[in-house]
Every structure is written in C-alpha cells, then in structure tokens.
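Across the two complexes that follow, chain A remains constant while its partner is chain B and subsequently chain C.
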Partner chain A sequence: MSAVSGLLPTRSGSGLGRLGRVAGSPLLRLIVKRVLLAIPILLGVSVLTFWVLSLIPGDPARAMLGMNATDQQVATLRHEYHLDESGPHRYLDWLTSALHGDLGTFMVSSQSMTSMLGDRWPVTFELVILAFVVSLGLAVPVALLAARWPGSVFDRISMLCSVTGLAVANYVLALLLAIVFAVELGVLPSIGYVSLSHSIVGNLKSMVLPTLAIAIPLFCFYTRFLRGDIVDQMQSEDYVDTARAKGIGPWRILWMHAFRNSSFGLITIVGLNVGTLVGGTVIIEQIFALPGLGQLLLQGINTRDTVVVQDLVILFAAIAVLANLLVDVLYAVLDPRIRYGSR
Partner chain B sequence: MRRIANVNRRARLLGPLAVLVAVVLAVSACGSSSSNSSGANGEAGVNVGKPQSGGSLTVLEDSGFAGGYASGLDPATDTTGGANLPQMQSIFGGLFLLEADSKGQNAKIVPNQAQSYSFSDGGRTMTIKLRPGIKFSDGTPFDAQTVVWNMLRDSKSPCSCAPVWQLTKKNPIVAKGNLTVVIHMTQPNGSLISNFPISNVNWIASKSAFEKMGAAKFKTAPVGAGPFTVVSDKLSSELVLKKNPNYFKKGLPYLDNLTFKSVGGDQPAYQALEAGQADAYEGMSTVPLIDQAQKNSKFVVTQEPATSPYVVQLNTMKAPFNNIKAREAIYYATDFSAISKGLFKQDLPVSGSFVGPGGLFYHKSVPGYRSYDLAKAKQLVKELGGLTVQLGTTNIYTANQVMTALQTQWQKAGIKVTTHSYALNQVIQQFTSGSWNAMLQTAGAWDPAAGVGVAFRFASTSPFTGVKDPKLDQYFNEAGATTDPTKRDQDYLKAAEYISQKAYAPFGFAFSPANIAVKGVHGPGLTTPIPGLAVNTQVLWDQVWRAQ
Partner chain C sequence: MAVVDASSAQLETVALAPVRRGVWLDRIRTWVPAGVVVLLLVVCFLGPTLLPLPKPTGGNVLDSGLGPFSSGHLLGTDSNGNDILSRLIYGGRSSLFVGITVNLVGIVVGGTIGAISAYVGGIVDTLIMRGLDILIAFPSLVLTLAVAQSLGPSTRNTIFALAFFSIPAVARIARSSTLRLREMPFMQAAQLCGSPGWRILLRHVAPNIGPQLISFAALGMGIVIVTEGALSFLGLGIPAPAPSWGNMIFDGQQSLSATPLEVIWPSLALLITVLAFNQLGETLRARWSGR
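Right, the complex of A and B next:
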C-alpha cells in the first residue's frame, strides 16, 4: 500500500467513501445528466433569441440617437456597443461576457444590466414564489375535499369557481381585485412595491393583490386538474380497491395513495407553468407598478435594446429549465423506479 | 340528454355567480361616484385660500408617456424630455416657464431662472440675463458659464432631443460676465422663446455634479437648481424628490416631498387615486374615466385648454402617399366631426390646421380644406386601383379610439387599413426608420412653432415629418423669422392653406388630457388650467401645495 492509500478513508468510514457513494447515486447521476442537457438548451435559446432580434429591421443606434445624429455619432455608438460587428461575433462577445458575469449595458440609460437585474429580480422572484405557494396551498386541500365527495355541493361550487376563474384573464382579475380591495375596502395598496428590507408587513401588503391576480387562475387550473385526476384514480384504480379491501380509511387512501399518484401530473404541470408564469408577470407588474423583471423587459422591448431582451429571455429560459430539473428530481424522489432507471 | 342536463345545471349555477360579479362591478362603480361634480375646469378662478407649506405628494404618470424615461433625466440625453416635463421641471426648474392667469387665460412665457431676455441683430441674437444669486442644489453657482456649457452640450448631443437651432459656427453661444448668455444664430427665430419651456435647453444641469458623477450616474441622479432634489430614482418606475433648501424662490416650494410613480395606464392610475395611494395623475385621456372623476366628490378635474389638434401624418416620401390622389382619398374619407360626437359626446371644433382653439394663431377654418365626402373618396380609391394603409398611433386610450374610428371610416371608402398601437419610443423608431405609412399624432402646440410644433411634423429637417417640401419649409421659416404676431398669423395661415392644397395631412379636433388631483391639493397647471405646451401642461410644481 502506498502512502496515498493511507490517506484514503476506510470503506466503512465517512469522507471519500461517502463521496463515492453519493457520486454513484442514481439521483445525482440524474441531476448531472439534466444539468448537462440544460447547457445545449440554453445555448439554443440564446442563439435563437439573438437571431430573431437581429431580424428586426432598423438600427438600434439610429433609433436611440434620432435623425439629428450625424453618421459619425451613429457609428461611434454602434462601435461602443459592438453593433458594427458581425452577428456571430457579437453573439460570441455577449456569450463570453455573460459567462464571466458581465451581462452588458442597458443602452439608453448606460446602466449595467448586472446591477439592474440585481435590483429587480427579488420583486419578480417573490411574486412568482408567492403565486405558487398560494395557488398550490389552496388547490391541494380544495381538490382533496372535492374529490372526497364528488358531486357534492362543495365539489360543484369548487368546480364552478375553477371554471369561472379560468375564464377571467389575469389583467381583468387584477383590476377587479384592485377595485374591491384597494378602492372599496381600502385594505390593500393597488400600486407600488415595498421592499422586504424596508418593511415586512408593507412588503406583504404590496404583494397580496399582484400575487392573487396570478395565483387565482393557477389555483383554478390546479384544482380542476387535481380533483379530476384523484377522482379518476379513486374510481378506476385497482390499488384503491385493494386498499379499501384492507380496511384502510378513505382519507388515508386519498392522501397516501391517490394524491401521491396524482401529484406526478401536478408537478409536471407546475414545472411547465413556470416559464409562462414568469412571462405573465410582465402584465401584472405593469398594472401594479412593480419594479420587477417584467417591467424591465417591456422597457427593453420598447427601446429595442437587444442586450436587455437577450439577457432576460435567457434568464427566463434558465428559470424554466431549472424548474423542470426540480420536477425531474421530485419525480425521482417520489418514485424509486425513476431514480434507479427502471422506468 | 345527460349532457344537456349538465349544461342546464351549470347554467343554473353560473347565473347567481354572474349576478354576483355584476353586483361587485356595479357597487364599485357607484361607490366611487357622487352627485357633486367638480366640472372640467378645476379650480379656475376659485379662491382656494392661502397656500400652505409642508406635506408630501405622490403623482402618477403614465409609463407610456410622461412616466417613461428609460434614457434617464440628463437634459442632454433624455430622448423623451418633452414628455417628461414633470420630472424635469421639478429637478431643474427652467430658464423660462409658460404661465397663465387662474382661469387659464393670457398665457405667456415668463423668465424663471432667467431674469429677462431680448433680441437684437434683426432677431439673430438672443441675450438672456440670468437671475443673480441662484445656486444649484449642490451649492455651486448657477452662472452664465454653466448655462453656456449646458446649451453647447445639448446642441451637440446626438440625441433627438437636441435643439434645432441655426447657430453660427463661430462662438454660437457665449457667456458675457457671470450673468449674461448670448446666443448667435444665422437666421432670426421668432419662436425661440416659445420653444424654451418644452426644450431640453431650458433645463440647466450642474456642471460640477456632472463631472463628479459621470454621464451614466447623472442620468439617474441629476442635479439642477429646481425646486426639488433627487432622493432616489428607478428609471421609468419611481422618482422620489425632496425640497431643495437652496431653491432661489423664497418660501417655495411648498411641498416637502414629491414622488412621481409610473403606472401602466389610466385605469390603474384612477384606481390608485381612488384607493388613496396617490394624490394626482397627469394626462388622463380616457374619456369615461374623466367623466367618472368629474362626478367624484374626492377629485378636482382640470381639462387644459386644447392647443394641439389631431393630425393624420401621411408619409409622402413613399407609396402610397407619394401620390396626391391617395392623400386626397384620406381627406375625403375622414370625418373628425363624427368621431368627436361619437367618441367624446361633444362637438369639439375640428381644425383645418395645426392650431387648436387654445393656441396662438387659431383659425376656425382654412379656405379650400377638403372636407368629408365619401363618394369622392370611393372614386379616388377606385382610380388608384385600391388603397392599402398601415395606420399607427401612440398607445394612449383616446388615440387608439380615434384610430379605430378612422379605420372604420376609411374602410367605408374601400381603403384597406391595418392599425398599430405603439409605445412612445416605438413611435420614435417608426419615424426615424422611415418605414411608416400613416400616423395619427397631434400637431402644433401653444405656439405652432414650439415643442411638438408644426415644424416637428412638417419641416424637412425634422425626424418626425412625412413631408419634405422646400416651399412649406419656406412658409415656416418666414413665420418663425419674425416676432410680429400679425405677420406670423398670416404666414401660418398661408402654410395651413398650402398643406391643405397639397393634401399633406388631414387635421382633426383638439383634445386635451385632464389632470386629476384629490381635493385639498392645489397648484397652477394641476388644478388651474394652463395651455398644454405640447401634449401635457407643464405644472408649476414649486407652487403646488396641499391643505394640511
């Protein structure tokens, strides 16, 4: 045995042996596989976004400077922002800088994108997280109750609310919520954002209406989906009959068996919703005057700032990829067959 | 059968819900209404008592217009400076201001940080004397050297906001002593003074602060000599200001704090006002909301004297409007009078030119103007073998409504129309790219040559023109080259007749947006009318106060 072997921990001990086991775990292999798969996806999205943005007619530098600008001034600005370089060159420049943590500059204001994203991401992140927490927190118990007694008054009311909620666009709902809770009842603000560091209560109050405007349609969708799936499982699956035959109570069957199985579908939908939801914050942030990423994206589009749009599209894509990675991990946690690759 | 029964059951359940939603909507609509109408003239001619100092005010601005300032608030680079009057006036004050009496009449340009001005050399030289003793909020002196530095920087800026001055090549703008600035031009400019309050050169920035901060930082934390100083600024989102202790007007500003918040349109703004989250909103253009605000006892609604009529700009530099027949077809197919009655429930006077009833040199009619004639429009479209038009406008409620009405009218004449609604920056891009076809905009200003004036829409040198016609330029130059009001009136009438004769752009009625303030807030331009310099009125923020 060499000196090196003396440094290695024993098989039964902690350290490298444990690391080895972790490295060999199917879950970690799954995560690594998904992360590796995310790289070409994000590269593909970035190339596609860059290409689409380059197809938009007109010169951003001319648009920014106006017709009063001399050709020299336009050329200087184009050079400053590398607009005079070829598309592939600009893309590689952007990619290299982004990989080094430099996300470029918001052309019209000369502000660093890194600092702008740093200022704004907490708003959008909080909004999205709260919307998911509220929608899932409400949807699961309501769907379980409705599925426990299908056809009951509670079931019918919950389904009616779901259908109605799905039929109302979130911006209409946003205005309606503001009318009721801000204008009529005066209990919540209809615009503006209070940061968590400034006041926790103020922050939560400022986020209630935007959160509800996003969460209510989601809650309706999740409730409808989950209730239908659980009822289906309860009525047609053999394992439910077996459980009943064993004398297991209906609530336990519902919670431990049917819901656990239905949660696969729910997790898939939640994962798929993330991208749409982050995009959906653009309108809600505009209505409630929240200084988040959605508002920034709108400014970027209005000013034809390709760097802003590119950065934000990639960020949104990364969030969607990450959400789907989490979904895959949750699958594996819930179902060992996936973890060990037997399915 | 079971399906039908299910549907019926659903309908029975949906019925009460629909009623519930309707009740909520009705209650919310009625709850905010009151029989007390504040009228549309705000507090014009009303004695509201002695102004009081102190307090804070939150003012909402539409993020698509005054609340949009993505390029920052540095006067030399704020591409939307003409729209950002509230922010710019609050921070920088201004060399000159447009003021009116408490009824909104007798409007005139008055020196503010300037003490006086005069013209010499046949109008080619303008001399501005500065008010002594003014300091920037950073304590540095507001002197002629700084004003010259600002004006030269503005003039040389590649920004579309740069002043279009015909300056001499040698010593165009010079300081004489500490308090005199002399501007040398190659030709007289009679409207130069009217242009100031809406031009970026009106706002003088601290050179010392600029040099200390650098250009990028200065855009978000500009330093001026206006009534307020910047506390924090999130571009196109929120600008928090506090009283400038060094402000040169004794006892002003009245307010301790002033915050501008950008909102996504009239509806959220109105709701925020109703919820008590803001104290004022500038530039409300949604007619039903203006009506509702007028019936609400909580608000004072001030509709400013309308100066800028709608105009359908036609891009005469490309097909189809490089053909006069296509332009004539648009004239004959357009009935602004019907739009006024249909959309605004009032017979707003339709202008035949670029001046509205509240502006200087207004004429009720222009001889030879082609009025609505559907048969002639159809005939022209037939002769052209069809006419397809892309019509655009700024994404503002009223403008969108008018655009849709125009689309309907034009389609009746056989014109194929597609419409586009753009944010302000996108409108600028459309014009600068030259790809546009027809654009519904407003023309003129209080003085036809000021701000978004007639030259802005029609002069060959403007980035926002659809016309390049030396003869028309000549008319504008002549009108701008004299300070004699009678001569200017005649020249502008000639220009209006020429535009009409060439069918360059049909004009419509002038509609001015309204300012809404909660009761207890008072101030010139906010609760008393002042003619709109371009679109919105310039509120004199240093004189705005609230009852404590």
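Right, the complex of A and C next:
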C-alpha cells in the first residue's frame, strides 16, 4: 500500500513544494497510519479483556454482599451494576460511557473509577519515570566506559553484573533491598508512601527502594544492549573508520557517532519496556505498599471487581500500545531512512 | 559477543595462542550452564524419589524456625515447621515443570501458528498477525494475572495463563524465520515436487526453524519461571500448601526481619535457575544463528 502511495504525487507535497514534502507529509502519513493501526488493537484488547473477565466463575455482587444476602438483594445489586445484561451489551455500554469519560464505579468503596485513577496514577507514573531515569542515567555511562575498552576489567565486571542482574526477578530484588536497607541498616523505609505534596524528601525516601527494584534489572538490560551495539559499530562500521582517519578522538567517536546510532535501538527497547514496566509495578507496589494503579488492580482482582480490573487492564494495554506508537513516530522523526523507506 | 571477546583477547596476548583461549572460553560458556540445567533437572525430578527428604508439607509446628544444619534439616525449617531443602526441591520441580510445559506449548502451538501464517500468507497472515498484536499489546503480567484469577489458582491454570503470552512471542519468531525460508531453493523444489502443504511444513519448515525456537525457549524459560514465581507470590499461581519458589518467597516475606534466610534460599534457587537457562539460551542462539 505504501509503495503505491509513494508513487502517486501527494496533494500536500505538490502544494507546499519540495520543502513541504520533505518535512511534513511522509512523516504525517506514517503517524496517521500508526494511529489507525493502534485503534483496532485497542478495541481488540478491550474486547479480549471483557471476554476473559466474563469467564470468572464467581458473582461479584454475591461476593460483595456476603453469604447472608437474599437473592432479591443480589438481583438488585446486579441490576444496579448492569451485571444482569448480556456480555456484548455490557461491553457496548462500557465502551460508550468510557468514551464519554465515565469509567464506572469501584464496587468496594463506591467511588467513581475516574477519581480513583486520578488519585493513584501519580504514584505509578512517578515510579516508572524514576525507574527510567535511574536505569538510563546509569546504563549510558557504564556502557560507554565498557565499550571504550572492550575486554578490560571494567568491561568484564560490568557484563558479569548485568548478566546476573538480568536473572534476578524484581520481587526478589525488592525483598533483598528491603532486607539490606530497611531491616539490617534501617536507613530507608520498606513500606509506606509519603505523597509528593506532603514532603519531597520523605516522598523520595519512600520511592528509593521501589525505584531501585525496578531500575536495576532495566539498567542491566540497557547496559548489555548498548555495550554490545556500540562495540559492534566501533569494530565494523565504515563511518567509525572515517572518523578515526579524520583524527577525531576516541571518546568523541564513541559518543557522537556510535552512541548516536545505538540510541535508535535503545529507544525501541525502552518503548517496548514501557508496557512490561507498568505491568511490573503491580508486584512492586504490592511489596512496598505504594497506593498506585498496580495495587488497585490487585485489589480489584482479589475482590472480583470486574469494573476495576477491566479499566486497569485496558489502561495498561493502552499505555503499552501508545508507547510503541510514540517510538515508531520518534524513530521516523529521527531517522530519515524510515520516513522514505519501503514501510 | 564471543567474537568480540576473542578478538580483543588476541590484541592483548598475541603470543599466548589466543585461538585456544577463545575455544576454551566458548566451551566453558556452553557446558557450565548446560551442566547446571541438567543438575537442576536431575535434583528436582529425581531428588524426591532418590534422596531421603522429609515431606514438603504438613510439618510439625514444634519444629518451626530451626536454623540451618539442624538435625534432619540441612537448611532448617520454615515457620510452619516444614523442611526448607525439601520445599526447595519440590518447589523447583513445579517451577521447572511449569516452565518446560509452557515452553513446549509455546513452541508447538506458537510455532505452528507462525509457520502456517507465513506459509499461507495473504489475508490469513494479516488476520493472525493482528490477533497476535492484540495479545502482545497486553503487559504480560497483567494479562496473566487476569487469566489466572478468572481460572482460579492451580498448576494447570498457571500453565494455561503463562502459555497465553508465550504463544504470540514464539509465533512471531516462527513467522519471520519461515518467511525467510520460503524463498529458499529447497522449498521451491519441494513445492514443485507436489508435496502437500502440511508435509512441507512438517518435513522442511519445522526442522529448520526448530533450533531457533528452542534457543528462544531456553531464554523464555527464565521469564516463565520468574512470572510463575510472581503469580505464586501473589497467591494466584500454585496454591499455597504445595511448595513453589514464589510462595516460599511470599511466606518468608512475612517474617523478613526475623528469618531473612527463608527468603534468600528460594531467591538464590530462582537466580541460579534463570541464570543457567539465560546463558544456555544465549550460547544456543549464538551457535545456531551463526552470529
């Protein structure tokens, strides 16, 4: 399809001239195409979530009212939450109200989901952002140092650490960190959350261990990838030889040439990680008792509250889809070959 | 990576027969993880019948919280009075069983879907791939949690939930490998001979994409075992009295400050297992993809 549209003269291109075509249209077309691709995926995700959750054998209304509720009470509650309607009907109901910004109610506290999400997203967001900042902030310098002298002691140690770090499950790491820093040393709190508006220092202190538990495996992953990619380039790419021949210093080649090129791969991996990472916060938030989205999801799962689970699973999937979309677009912005390539 | 290491070793020690050193390093990298994996399998699957282990469940509360090297309990007992070593081995058996089964299902089902998708092509390929895109869009742990919850905690359901996200990943890899194969002369020759589609898939495609799928599965083992642990840790995996590394870690977490060893033993087991499978997967991939 794209090959055909590449052959046809585009209207915006002929109107704006050469510059317009170069700067806008291929990129715009790519963005539109990706967005259009994301919509059916999001719909599919929501349908699948609905379907999987409708397989849950228990009845949420009965679970909520307890053993002694009469059938009449259960029926009333089921009617109130539209649980007595057919699956497709409920899905369409949910979809229409979700598109209008109404995500239903949290059955346990009868709070509206929209306000619950509003309360809780900053915690998860902060955790994810901190984890990315820490892991990338450490991975880039370590990978550059390791790639500067491949086979050196530093390189070997950093690779050994990252191979080991990759094999550690984040919940294990979380508990080990809690053992060392909260139990043995007693310098950081192992549970509890201090909101950012309450105290900035307290907030950061409560976020250190959860952030590290997520960031360390990511750091290992990024370091390994970056180091390998940069070393490959330094040894086999022509432009590295050209740069050397021009007399550019090794650090500059490493940073300006090799790393710049590797950053594309890194961006892709980071984008792919966003989904996994947001999902990974579930268990970390549970361990450190952080009142974020992941904890809410588990709460919903344990109380069989389909509304919460539905909304959150779809939200997490939407974040993953959007992150990938963003990476695709960013890629095209940064790399002209993608814009004009066959895709 | 091995190539890089060998060449840098050459630069350092030109006189010291660098090639031999590279070969040895390669051998160590293959055989050490392979040996650890075999050892784990033997201990976990034959251990319960060969070793004089106490039962992993139904321990006496009077024996609870014994330290390591106490009589009859090499690693001590947990807060329920169960032998930790025995629970480690039985738990490892269920972790490995889940991991192997999930990966087998992933290879067979995902491999078939991917190979057929690439071989048939056209609208079938597009539909299958879009379907897989939807599955891949789910954060795996979240999807697994939802599936495990809706099915209820049990070993079989854990396997089912984990296979749910192992299949799309394998299918994608199988598809891209099959696409590459389709242009090969021997494939065209088989088609010209009039072999039916299923025969080509079974006799020509399967043996060719097999090694790649197996090395991917070895890498996937680590992820599956860790996720199984996470599910059990959250109480949605292997149900409680039966041991699994995940629920052992969860039990230990309750008394983290008093007996940190209860968390450390299963964590260590998990680490070693995942590390061994990851390294095995890496070497197999390097060997079979001819990098």
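By our rule, the second predicted complex is superposed on the first by the 303 of 343 C-alpha atoms of A that agree within 3 Å, B and C clash if a C-alpha of one lies under 4 Å from a C-alpha of the other, contacts with A are read in each partner's own complex, and residues count from 1 in each chain.
Please note the rule applied: a residue touches a chain if its C-beta (ideal position, glycine included) is under 8 Å from a C-beta of that chain, and two chains touch if they have at least 3 such contacts.
Values in this document were obtained by computation on a predicted structure and should not be read as measured data.
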Answer with clash or fit: chain B and chain C placed together on chain A by superposition. clash
Give one of first, second, both or neither to describe whether A:Leu160 is in contact with chain B, with chain C, with both, or with none. first
After the superposition on A, what does A:Gly275 contact: first (chain B), second (chain C), both or neither? second
Partner chain(s) touched by A:Gln299 [first = chain B, second = chain C, both, neither]: first
On the A-aligned overlay, A:Ala289 touches which partner chain: chain B = first, chain C = second, or both, or neither? first
Would you check which partner chain A:Gln73 touches, where first means chain B only, second means chain C only, and both and neither mean what they say? first
With the two complexes superposed on chain A, say which partner A:Ala178 touches: chain B (first), chain C (second), both, or neither. both
For A:Val309 in the superposed arrangement: first (chain B), second (chain C), both or neither? second
Thinking of the overlay built on chain A, is A:Thr49 touched by chain B (first), by chain C (second), by both, or by neither? second
Now for A:Asp119: first (chain B), second (chain C), both, or neither, which partner does it touch? first
Starting from the residues of chain A touching chain B, keep only those that also touch chain C in the other complex, and list them. 57, 163-164, 175-176, 178-179, 183, 286-287, 304
Complex contact set, residues of chain A against chain B: 57-58, 62-70, 73-74, 77, 106, 108-111, 119, 156-157, 160, 163-164, 175-176, 178-180, 182-184, 186, 189-192, 286-289, 291, 295, 299, 302-304
Touching chain A in the complex: which residues of chain C? 1, 4-5, 7-9, 11-12, 130-131, 133-135, 137-143, 145-147, 149-152, 222, 226, 229-230, 233-234, 236, 249, 252-253, 256-257, 260, 263-264, 267, 270-271, 274-275, 278-279
Where on chain B does chain A make contact in their complex? 10, 13-14, 17, 24-25, 27-28, 31-32, 60, 63, 68, 70-72, 79, 158-162, 164, 215-216, 219-220, 234-238, 261-264, 267-268, 271-272, 274-278, 423-426, 428-429, 431-433, 435, 462-463
Per the contact definition, I'd like the list of chain A residues that touch chain C in the complex. 40-42, 44-45, 48-49, 52-53, 55-57, 150-151, 163-164, 166-169, 171-172, 175-176, 178-179, 183, 228, 231-232, 235, 275-276, 278-280, 282-283, 286-287, 297-298, 301, 304, 309, 312-313, 316-317, 320-321, 324
